[in-house]
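Order of writing sets the chain letters: A, B, C and D. Residues in each chain are counted from 1.
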Amino acid sequence: MASSFGQTVRVSVFGQSHSAAIGVCVDGRPAGEAVDQGPLACVIAPPPTGGRPWATPRREQDAPEVLCGLNPQGRTCGAPLAMEIRNTNTRPQDYDNLRTHPRPGHADYTASVRYGGEQDPTGGGHFSGRLTAPLCAAGGVCLQVLERRGIRVGAHLSRLAQVDDARFDPVSVSAEDLAAPGAKDFPVIDDEAGRLMRERIDRARGEADSVGGVIECAAIGMPAGVGAPMFDGLENWLARALFGIPAVKGVEFGAGFAASDLRGSQDNDPFVIEGGAVRCATNNAGGINGGISNGMPLVVRVAIKPTSSIGVPQRTVDLARGVQDELVVRGRHDPCIAPRAVPVVEAVVGCVLLDALMSNPATLPEALS
Amino acid sequence: MASSFGQTVRVSVFGQSHSAAIGVCVDGRPAGEAVDQGPLACVIAPPPTGGRPWATPRREQDAPEVLCGLNPQGRTCGAPLAMEIRNTNTRPQDYDNLRTHPRPGHADYTASVRYGGEQDPTGGGHFSGRLTAPLCAAGGVCLQVLERRGIRVGAHLSRLAQVDDARFDPVSVSAEDLAAPGAKDFPVIDDEAGRLMRERIDRARGEADSVGGVIECAAIGMPAGVGAPMFDGLENWLARALFGIPAVKGVEFGAGFAASDLRGSQDNDPFVIEGGAVRCATNNAGGINGGISNGMPLVVRVAIKPTSSIGVPQRTVDLARGVQDELVVRGRHDPCIAPRAVPVVEAVVGCVLLDALMSNPATLPEALS
Amino acid sequence: MASSFGQTVRVSVFGQSHSAAIGVCVDGRPAGEAVDQGPLACVIAPPPTGGRPWATPRREQDAPEVLCGLNPQGRTCGAPLAMEIRNTNTRPQDYDNLRTHPRPGHADYTASVRYGGEQDPTGGGHFSGRLTAPLCAAGGVCLQVLERRGIRVGAHLSRLAQVDDARFDPVSVSAEDLAAPGAKDFPVIDDEAGRLMRERIDRARGEADSVGGVIECAAIGMPAGVGAPMFDGLENWLARALFGIPAVKGVEFGAGFAASDLRGSQDNDPFVIEGGAVRCATNNAGGINGGISNGMPLVVRVAIKPTSSIGVPQRTVDLARGVQDELVVRGRHDPCIAPRAVPVVEAVVGCVLLDALMSNPATLPEALS
Amino acid sequence: MASSFGQTVRVSVFGQSHSAAIGVCVDGRPAGEAVDQGPLACVIAPPPTGGRPWATPRREQDAPEVLCGLNPQGRTCGAPLAMEIRNTNTRPQDYDNLRTHPRPGHADYTASVRYGGEQDPTGGGHFSGRLTAPLCAAGGVCLQVLERRGIRVGAHLSRLAQVDDARFDPVSVSAEDLAAPGAKDFPVIDDEAGRLMRERIDRARGEADSVGGVIECAAIGMPAGVGAPMFDGLENWLARALFGIPAVKGVEFGAGFAASDLRGSQDNDPFVIEGGAVRCATNNAGGINGGISNGMPLVVRVAIKPTSSIGVPQRTVDLARGVQDELVVRGRHDPCIAPRAVPVVEAVVGCVLLDALMSNPATLPEALS
């Protein structure tokens, strides 16, 4: 099923950019978990004003409504938890030309071939970035379950328009470190890097162009021994799910591609005893050996390509007439979606980690009292 | 299931490094397909001599035996096709210390936690690189089905020990281009780059160390419209399966991580009409928009970390006594597994592409007569 | 996932008896299919009056709203199709004693153990028969796709309170035969049998008791060759899904349990040539050999146990105090749910058959123009 | 995948009647479990002599070889456990006419349509009853894990050729009761019923005909709370898997079809306190409410149709020439497969119960020391 992932904790996303509603169904979470509905919203529409494109203000209309899955006490009851977000603007307009003139970098053309021209082209339909909102809601529910067990997930903009942020310390990143970027206006560790990034975003906007970035996400508190060999390891599950976020074109764990430039003697993480526990002195593995967590911080980075919707005229084809044509994408588009993708990456990682813990439940820690 | 992947074409790998046999079961392929058993073997053991560590000589004992799945005419009969490779050296030895002294960079420690100390430690058990042999056999069967329909897959060492090979032309790579590296002693496009790579491998061996690399794989002939949005797209399936190859720490498509440094106006692939067909003028998307093939060459790169088994003394812990200790990994180990991983990447890509085509069968082309 | 079934056409049900809404997400149907929303409603609540317990009047509030999955032309767009039905009475009441006093024959006790007491007990929660409404909606969408391809599904009350209806002719049942029972006030072939059944239902109601029944469902127009051997055959998929309807305790195909009393010479269905096509002279197999359709009518029967909620005092336990107690189930309860389960069986069969056809798409016939 | 079942404990069967080998891969069992390979064999071929068709002598050549999945201590190591049985007679003969003359009651015709004539017709290919041997082996491994935790499974011939055996007491069946039938020459509770059954089998053989039967299987020791609502309940999983045994045409739980003839006041199982524990006074539910175990004995019955291969001439079609023809099935065929299906039913139930326990692992009891 194209729009679902997860083995035990299964997340199924539904909706199109301009359908009556978008939503998500999350099945398989533990029962008896409180759900704080406040943090489930996640900004999905382009920013209302061009002034703070990186800001992520809560917008009331994007708060998901919980349709089911809670007991009368408001805790999870074991049944699927479904949430929906009503779309307020459901009248398609200005999209007729997208049916015949596919936008470069978008799924307009491939969806048209895949579905014989029957896809919903308005606002990207089911391929819209708006579908990340239900993902955030699902992730929010899962992250609360994890947090209650001492597992924290955080992400930041590791790189944007060729500007590098600092990185999480892969060995000793703390809960505070993980939470800090998300609490800022712009989700970076180093504010000076953030300032430069915003300058480049502004410059791209001024030129009707766009920029991309890299998001780094880390999780701490994961017990060792979660995951499985070969195809159901943490890396496999995380990668499969993370490539479901629109615009992701690369995923790497720990040192990732840089590991391929290292010697084994540099890349191998020595095992050490710390406070009676087995730890690693370095963390090039990103907390995963053979698909299974080793107890070190889990570190993953995802590459976000630049926004495909840009104002500059682009070459495309007129599918109806079979000839070359030019396309100018109308409407206000965000010159960089990477900042808004930061909480989406956290959400997806949260869903996958809870799924991995629930699929191997001896490893699910007790809730901290 | 940790050792299976695929929705319609399902590949299930079994075996341990020193078990009686290793093997694979492939279910869901089309019926009526001839199987040439010759090319199914793939070298899995370290090279017998140190002289040509990059060479991939066929070794008779690694040729898989087909147990079932063919009809009396030798064509696929629709039932699962199972293959096995007998292990000739099944007496474990010298591995007792691995139970207590986990090798840095290996799954010894995580498997021990995951399986409560009951894992098979001999030769890495189920985590051994030897398990790539059945993967190659499964891939061989799938690649033959694809080839019969004009779909070709090829890979090469894109980078090794910081030496770059040339790259496949992402727009116009030909079947000959794809086949060329695999036909050489060392799977590169540019032989001078290959010479440098081998020098660095030799140097690492001389220093009891190891190096890593990047493998680039491309596929041509894929029709447009194969795949699905969100979590069952080609990128999701390929990434999930490719991270199942031991030592893979990163996966990227098209321009991948480099795309995050581009402007949208640079990254977007303009649609053009060529010979009456829709094509892209560039191919930064690696042939995939929104998880669905666009008809351009599919391009994926995977990062292979340096071999974890190195001869230099390493820090580890004595799990039995809970103290710090030193480990010297004995035995002859390959200072770089990336060359031998090249056909494994091709195999996995072949399995996934056939699965995607079979899962959306209107897109499976007729066999060329 | 407990509340989903289907491989290619995947049906995911969500909701509880008294949650804000119940609903269903159907993924994987073909694109470009018109959806007539009229017939998607299906009565789910107990009948408003006791006068016609077998009648199935449409109630406006049970008409599902389509949230997404259609393109601007109202045809399926390839994305998941989600539907919801708002619950109007979401204030739980009178159910507190169900948390401590499990109703015999219900899932109150097992859900309490399974979910550690966190289940939603109001109205049966996720175990409520009300959840068959979204199943009907999902089935309605699938049945329309099938009908457009000449595949018809129909069901009737084969037996109720020990009264037998006539049976569908397993060899020559027609589309008219299949449609007839559902068009009546009471879904039987033989109206005199129906009259007797209703008498027994009335008698059970008068005694605050309940009765059960058997539903027979048949499908015609299925091409031969759909299904698979062993565990993914039509029988496997149908049985797995049909046992998801509350109160189903048995499933049989063709002659079913009666086949076990036959000689092979009686049970084997001889192959014959009719009008140039391969047919069977009899149909004890119910249209399925080795899990694969043989082109004959598909025939399945499901046993529905008597309604568990009865007015007579029953023995149960007080879970809070760990002592024996007596329970009187309050509220108006339907003395027989079998009549209302008839369209649910049709719906589930419709979903499974479309899934089987889509999972082996060469067998999906073209839509009739 | 047609030949696999199970979510966490996944059983994948491979092989054809006359392929080099048949086998099974079992993934997801707990690690550290001893495997007694003795009881894994299960007779699969027709009995060597006609004298004791009901006997199940161990035949050396059918003992499965364990290929992998054990650690050097012989305990499960967490990796897939694969077993194979070599076929000694792999030269197909006398089967050419089956390609053109499908046997009534067999999958010859449907497989031919499904696989475009490429199926392996020799001995039924992948549809052969011989494939139940690997199922028995897989079940044997799972049953040992269950037994170690106090969960026992046993089956008997509940009915054969219209002769009824006694039934397991659904409320108080003991481990001894469950084990008794399997320890006899003929798997019944009541030996006089067994004598009559054998007479009818002999009579059918004498008339070149066959008879069918019903197998009843029960499990005790299952904790309450195992399973899930709707489509992943115990009934759903058991039914899906049991219909994978060749010749099964019906599955019912507890009172099953007979429940549909009861009043609710008769069918509902009252909850009672016994020895401080919640139990049921009766067990019409077969130990399952709402898909979840209630702690009572689990009771399931499966209908086995009469052997399709009979010596009397039968009508069939000549697919090559498209005309009516007559078929005489050659070779010695068992006039009743039901007795030999008894351990197969136990095996499948064992696999499913372990899977259900492992998929909800808090419910997997500790191994008894």
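By our rule, contacts are C-beta pairs under 8 Å (C-beta built on N, C-alpha and C of every residue); 3 or more make two chains touch, one makes a residue touch a chain.
Bear in mind the structure is a predicted one, so any value in this text is a computation, not a measurement.
> Where does the A-C interface recur among C-D, B-D or A-B, taking recurrence as more than half of the contact pairs being identical by residue number?
From the options C-D, B-D or A-B, the copy of A-C is B-D.
> Quick one: which chain's Cα centre is the longest way from chain B's?
C
> With chain centres taken as the means of their Cα atoms, state the distance from chain C to chain D in Å.
Result: the chain centres lie 27 Å from each other.
> Determine the centre-to-centre distance between chain A and chain D, using the mean Cα coordinates as centres, and give it in whole Å.
45
> Let me have the rounded angstrom distance from the C-alpha centre of chain B over to the C-alpha centre of chain D, please.
Here the centre of chain D sits 38 Å away from the centre of chain B.
> Touching at least two other chains at once: which residues of chain D meet that condition?
1-4, 13, 79, 111, 114, 126, 229
> Provide the residue numbers of chain B that touch chain D in the complex, in ascending order.
1-4, 10, 12-16, 19-23, 25, 27-28, 31-32, 65-72, 75-82, 84, 92, 111, 114-122, 125-126
> Write out the stretch or stretches of chain C touching chain D in their complex.
Contact set of chain C toward chain D: 1-5, 13, 102, 104-107, 109-111, 113-114, 126-127, 131, 159-162, 204, 209-214, 224-233, 235-237, 239-241, 243-244, 246, 248-257, 259-273, 276, 278, 280-281, 284-286, 288-294, 303-310, 312, 314-317, 319, 322-324, 335, 338, 360.
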